[in-house]
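Below are two complexes that have chain A in common, paired first with chain B and then with chain C.
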Partner chain A sequence: MLLLSPILVLAVGGLIVMLIDAFQEQEGGLAMPTALLHFVAAAAALALWQRGVPSDAGSLVHGWLAIDKTTLFLQATIALGGAFASLLAGGYLAEHKLDRGEYYPLIAFSTAGAGLLVAANDMLMVFVALETMSLGVYAMTGFRRTSARSAEAALKYFLLGSFAAALLLMGAALLYTVTGHTDFPGIAAALQAPSPASGAAADDANAAVLAAQFAIKLKISIFAMLLVLVAMAFKVGAVPFHMWTPDAYEGAPTSTTAYMSVVVKAAAFGALLRVFLTVFGDAANASISGGWPAVLSVLAVLTMSVGNLVALTQTSVKRMLAYSSVAHAGYLLLGVVAAPHATAGIAAKSSVLFYLLGYTVSNAGAMGALILAGRRGAETVSYDDLAGYARRHPAAGFALTLFLLSLTGVPPTVGFFGKFYIIRATLDAGYTNLAIIALINSAVSAYYYLGVLVKMYMREPAPGATRAAPMKSFYVVFSLIVAGVLVVWMGLMPERWLSLAAEASGARPAAAAPAEGANNGGAPTPL
Partner chain B sequence: MNTGRHLLSVLVWLPALAGLLALFLPRQSPKLLRAYGVAASLFIFGQSLQLLNGTGEAGAASGFRLVENVEWIPSLGIRYHLAVDGISLWLVLLTTFLTPITLYVSFGAIRNRQKEFIAAMLILEAAMIGCFFALDMFLFYVFYEMTLVPMFLIIGVFGGKNSVYAAVKFFLYTFLGSVFMLLAILYMVMQYKTLTGHYSFGYLDLMRLGFPIGTERILFAAFTIAFAVKVPMWPVHTWLPDAHTEAPTGGSMILAAIMLKLGTYGILRFSLGLFPLAAHWIGPTIALLAVVGIVYGALAAWRQYDFKRLVAYSSVSHLGFVMLGLIGRTDSSVSGAMLQMINHGISTGALFLLVGVIYDRRHTRDVAEFGGLAKIMPWYATVFVAVTMSSIGLPGTNGFIGEFLVITGSFSSSLLRWSYRCSSGGDCDLAQIGPLFSLIAATGVILGAIYMLDVVQKVFFGPATNPKNDHLPDLNRREWAGLAPLLFMIFAMGLFPNYFRSRMDPTVHDFLVVYNAKMDALRDPGGARTRAVMLEEAVIRAPSAAAPAAAEPHAALPLRREALLAQGD
Partner chain C sequence: MTLQLGHYLALSMVLFTIGSVGFLVRRNALISLMSIELMLNAVNLTLVAANRWQPAMTEGGSGLVGGTPAVAVGSIAPHGQVFAFFVIAVAAAEAAVGLAIVLSFYRLRKTVRTDAADMLRG
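Let's turn to the complex of A and B:
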């Protein structure tokens, strides 16, 4: 029970926030309690981490959930992202007269769903958690009820999301038909290639029948795997399943955009990692474990390149950030591609986790800085709106600059280090071409992030155009300061965070690792 | 202030802190801001003079001094490793010397947003100093990238009409170039890990790697393209005239005087230091590009009507000399190239400053707008002619000794030759190109004299035709204050070159000894090597640097690695 506390805190806390909202006289004031709730959830995850996860926690609640360090790391990341989103909402919704209380319980429930998703150890649980998370986000996307774009965004997101969920269910059902299991370890065991020892014991005819049966099983499960892959690709916004992202990101209230781009993405990547590494990760069964990295690497290249190229042509900063978020999903996919590698796998997995954490603070910060630039009735969305912004408001402009540089990957920010770490893992796993493509993409992306800087520092607004001016909000400023400190701190002193991510991915504690390598005298350590 | 053992860290981080602090000063008091900027950068210059301590001529140490080497990101083998040697010493001093001058003279033209200008300049200074000190490839890369944003802002915010285009072009050229360098660094680290079982980004560690020749060529290209763009070598120099024309005077000074040296420094330290075989293979081609750059830059400068473009193209020509000297790989040519880097920093810095002087008065840089200025602004004309003499390398000024050494050094360089593989298996000479190339380079000196004297003649002598120039004031106090130290250095370096050479030549010599030792150890006539190998520690340790290197903890490698070498082959 204690192991579920990060999720439970959010679920119960969400109910309490809802009650407060029902009983309090006037609207507002819920941002800080909700943010605190998220911080408590993050703290709970960290406390569990400190205490050490018991070995049997791998399958909790009859095998529905698995709590390991990966789960806890991602839950903490997600809770941090949720806290940022709540604070940003506290500023944004109030400024734009949208401050209705139901937004905050929605955030809490969605984050609880996201926390479940990264812990899910069963196909049905994945579905339930995915829906728990998504339903709240759909509602948050359409939160601006009077705006047609917001409604359009919510509808698109809802329809495509439901479609993806249906594909996921179909995949899960197919897997159940061939394996008789919905839980990950069960499916994985059933998909294991029949061992030669048992084949030798049975007579030849029997072995041939078994082999034929297994071949059919494999074919169906490969199809099921593709369905699951497509569903996950929808959620992380990978090309060509990214079509909903720009519209949903642009139409949604910006605080929701921040939430979608950090929390939903982190949770979806967590699920993607677990599903593909545990269910389809059996190295002995090459037709499955060898197949999806190739498919994913194609997706990764498409996602990076399309995301970046389309982002180049945008005139709206918010939409540009949407496409850039697609591009970042591409970099992350590289890490997932490298994750099953025998020796470089752990580093690849931890690079994904580190990147998600870094991306959470950078992107939440960028969204927050964009929110800060918009006052009531004059929300800042386009490049032109930002003309001369940093000249007039150096501090606010500097904040946006810092986060955009982190997204570009310029040192000394965490964005640089995250990218560096992922590319290193990709190279380590032998995908040199992918690393080169990612680096070229990273250079391309510099152009559109720079575009914002150019507008802010080097252009003046057209005569008569509205001038962006920062709104006044303690919540937003507070979250920007926290995010800014984290971006620089994690960029300058990444060791601590890296070792956390490495430990979360199953690496032994850092102190033991070099000694081990030294004893082996350079030979690859068998894992 | 006695900075003791952490002098290098102080020199890197003090400007960065001072720059950040500038952002918090009140905008309302520009006097305070200016005083702060100049005082901070002067103080840093004063601190940097401590680098000269213990570099006397007798028994001058050639190895790395003032080493700071602590873990930074141990799980990836990344260390915070700073050190200074004779190669980086003068480049750092050039940086700290020019920054206060640049800041001070810029306040004449830059009236708005001085706060941001000071911050950008100081942070840029920090990043550049970091580049020169870094002995960890990751750390170097971080500093190298950190130079981008301040320079981007300096060009874009404080520059001329098309500055945004120039700033973006500058950023993207450099960024694209450097990502491939990052890839190459990562590849080397992977190989290092395969051979030794642990990660290291240390320059001295990676130096011990030897690659199959094909791989080495690719790695060399990845590094050299990034640096060649920065230098800029012909034919990737096209961003430079744009960036210079649009940058403010101070930006041009820093860009030409120091940032370009990041490229030449990188080529010497990393491209040559890490990949001797590939450098040997491609050397003649680079020398060819260098002499083309010398002549092309000079001819292009001759045809310019815009003062700044003229100086920019002259930079292309001068940097061609530096490249020729570096790729000549003899003691005197490399030493000449090193001197030439410093010389170019000082004389081009002064030239940009002088161009800024008349630009501030007339708001035009068109050479045709001027004539007969010697009568109107006699002091200005005098200083301009003196700097011109330095730029064209007249004896007695700093430019002479550098060019002379480059030309004599590359003339006698046995490494500059075109060869082919002959039937007996070795390399047979097709032609010794050193003499030819140094001959062409020498014509570049003549061309340099032609275009500089041509412009001097047009601008300063003859009748004063343009009435708009009649009442231009001569140099003011601020401009004198900026020019005087530069003039001093021009003659100091011209008359006492040994003071400077004695502090860099031992390092240059040892660098080349290690370079040749590494090349001999790696020579691989049949292309037989198919995988990376580790060289013995002793190969990369220069004879006279043995003692300091042993004192450095990082260089004292465990014996285990030597054992590995045996099984690695």
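Let's turn to the complex of A and C:
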């Protein structure tokens, strides 16, 4: 049971927060308990990490979940992101008269779903966890009930999210049809092995029939893989399946935007890595010439380029951050493309994990700084709103500057090393073209991030325009300080954090990769 | 002629295609929701049929054409059937949240047309 504690803490804690909300006299005050809950979940994941995970940990839940260091690393990242989102909500919702208690259990339940999603080792589990996470986030997106923009964002996010879930399910159902398994190791084994009876088949005619059938099964499985890939691309917001991202991010309350951009993204990438490395990790499916890495590399290039180019044209900072999050999904996809590589694979996987952690603190911080800049009735959204902000309010302006520099990838912030490790892994895997495209994109992205800084430090607001001033919120300031410290700390001492990510990817013993596959080999017992 | 697994798969593919095309071309949020339900039902049909024919598919039987369903339902692990129940239950939860969102949109905009959702763009 201890191994499940990061998830259980959130699920049970969410129920308790809901009860507190039902019985307390006045609204509010739930942000700190919810944030504490997330910190406890993160601490539980770290404690389990310290204690060491037994290799048969998954058998505790009959193989439905894979509990390893990758899982724990991502669960800690997700819980940290959820804690930031709770704190930001405590400031944002109160300031904008939205502080109704049901928001906080939704955060806790969604994070529990996200924690399950990164652990899921079975298609059924992926689906249930994905929906547990998404349903809460849909509601959080439409939380501002009097705003047509919020309702529109929720509608678009919900419709495309459910469509993606249906595609994922069809992929899972077809995989079940051809393999008879829903668990990842079982599907992988059934897809790799030539037909089980082929060795025993005495007559050639029978063997030929079996071979033909296996060919049909492989064709169906490739179609199923495409369906799963498209569904995952929807969830991580990869171009051309990113249409919902800017709208949902812009229309949602900013604390929800922070949540979506860090927790949902990290969970979706965790699931993407596990599904494609476990289920489709065999040589044929995972080859760069004809397998899923080929498709993903095209998506990665499109995602980076479209995300950055469209971000250039934005006038709203919030929408710019939405497109920037699309672009960051593109960099992350590069790491996923390199992840099945024989020698550079583990470094690529650990660079993705490191990037997710760094992106969580940077982007949660950027969203928090944007929240801080918007008082009631004067929510800061456009570049012009921020004119002269940093000169009038140096500390608040510095916070936004720091996080935007980290998103740009300027040393000594964590954003620089995140990009550095991903690009290095891409180069090590031999994908020089992809690395060059990433570098060009990174340079382009500096233009729009620095545009905010220019506005803040060098421009004056138009006469008569409302002047942005920071709101007063302990929660927001606290989360900005925590995020700021982490951004700088991880930027100054990246090796320490990278070695954790490498350990999470199974790098420590040289022969870790095949051994891990063997550990996961236990098929779930029948229901 | 007896029905084979291939027939069920073909039907569910047809349903799935109708659902996804409906989702992509119709501009009414409620029709979109119904299209998604249709896609989920296609998934359920696939799962249940595949479960019944599982020995034929996976144990070197004759696969999509020919082959026989499992003789007794209890003789095979019911993973597919159980998966279908999960899909049904989660789809109900999804519909509840979805209808609430559509309702909230309708209250503010007096329409459920998705092409009226045009405030956020760029």
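FYI, the second predicted complex is superposed on the first by the 486 of 527 C-alpha atoms of A that agree within 3 Å, B and C clash if a C-alpha of one lies under 4 Å from a C-alpha of the other, contacts with A are read in each partner's own complex, and residues count from 1 in each chain.
Note that contacts are C-beta pairs under 8 Å (C-beta built on N, C-alpha and C of every residue); 3 or more make two chains touch, one makes a residue touch a chain.
This one's a predicted model, so the numbers in the text were calculated from it and none came from an experiment.
Asks: Who touches more of chain A, chain B or chain C?
Replies: C
Asks: Can A:Ile440 be said to touch chain B (first), chain C (second), both, or neither?
Replies: A:Ile440 contacts chain B only, not chain C.
Asks: Looking at the overlay, does A:Val485 come into contact with chain B only (first), chain C only (second), both, or neither?
Replies: The answer is neither, since A:Val485 touches no partner chain.
Asks: What is the contact status of A:Ala208 with respect to chain B (first) and chain C (second): first, second, both, or neither?
Replies: The answer is neither, since A:Ala208 touches no partner chain.
Asks: Can A:Phe416 be said to touch chain B (first), chain C (second), both, or neither?
Replies: In the superposed model, A:Phe416 contacts chain B only, not chain C.
Asks: Could you tell me if A:Arg149 is touching chain B, chain C, both of them or neither one (first, second, both, neither)?
Replies: After superposing on A, A:Arg149 lies in contact with chain C but is clear of chain B.
Asks: Touching A:Ser162, do we find chain B (first), chain C (second), both, or neither?
Replies: second
Asks: State whether A:Val454 touches chain B only (first), chain C only (second), both chains, or neither.
Replies: The first partner, chain B, only.
Asks: Touching residues of chain B toward chain A in the complex: what are they?
Replies: So the residues of chain B in touch with chain A come to 23, 71-76, 113, 116, 141-142, 145-146, 148-149, 152-153, 156-157, 163-164, 167-168, 171-172, 175-176, 179-180, 182-183, 186-187, 189-190, 194-198, 560, 563-564, 567-568.
Asks: Using the touch definition up top, name the residues of chain A that touch chain C in the complex.
Replies: Going through chain A, the ones touching chain C are 123-124, 127-128, 131, 135, 138-139, 142, 145-149, 151-156, 158-159, 162-163, 165-167, 169-170, 172-174, 176-182, 190, 195-198, 209-210, 213, 216-217, 246-247, 250-251, 313-316, 319, 526-527.
Asks: Mind listing the chain A positions that touch chain B in their complex?
Replies: Those in contact with chain B are residues 391, 394, 398, 405, 410-412, 416, 420-421, 423-424, 427-428, 432, 435-436, 439-440, 442-443, 446-447, 450, 453-454, 457-459, 494-495, 498-499, 502, 510, 513-514, 517-518, 520-523.
Asks: How about chain C: which of its residues touch chain A in the complex?
Replies: Touch residues, chain C against chain A: 5, 9, 16, 19-20, 23, 29, 32-33, 36, 39-40, 42-43, 46-47, 49-51, 54, 57-60, 62-64, 77-80, 82-83, 86-87, 90, 93-94, 97-98, 100-102, 104-105, 107-109, 114, 117, 119-122.
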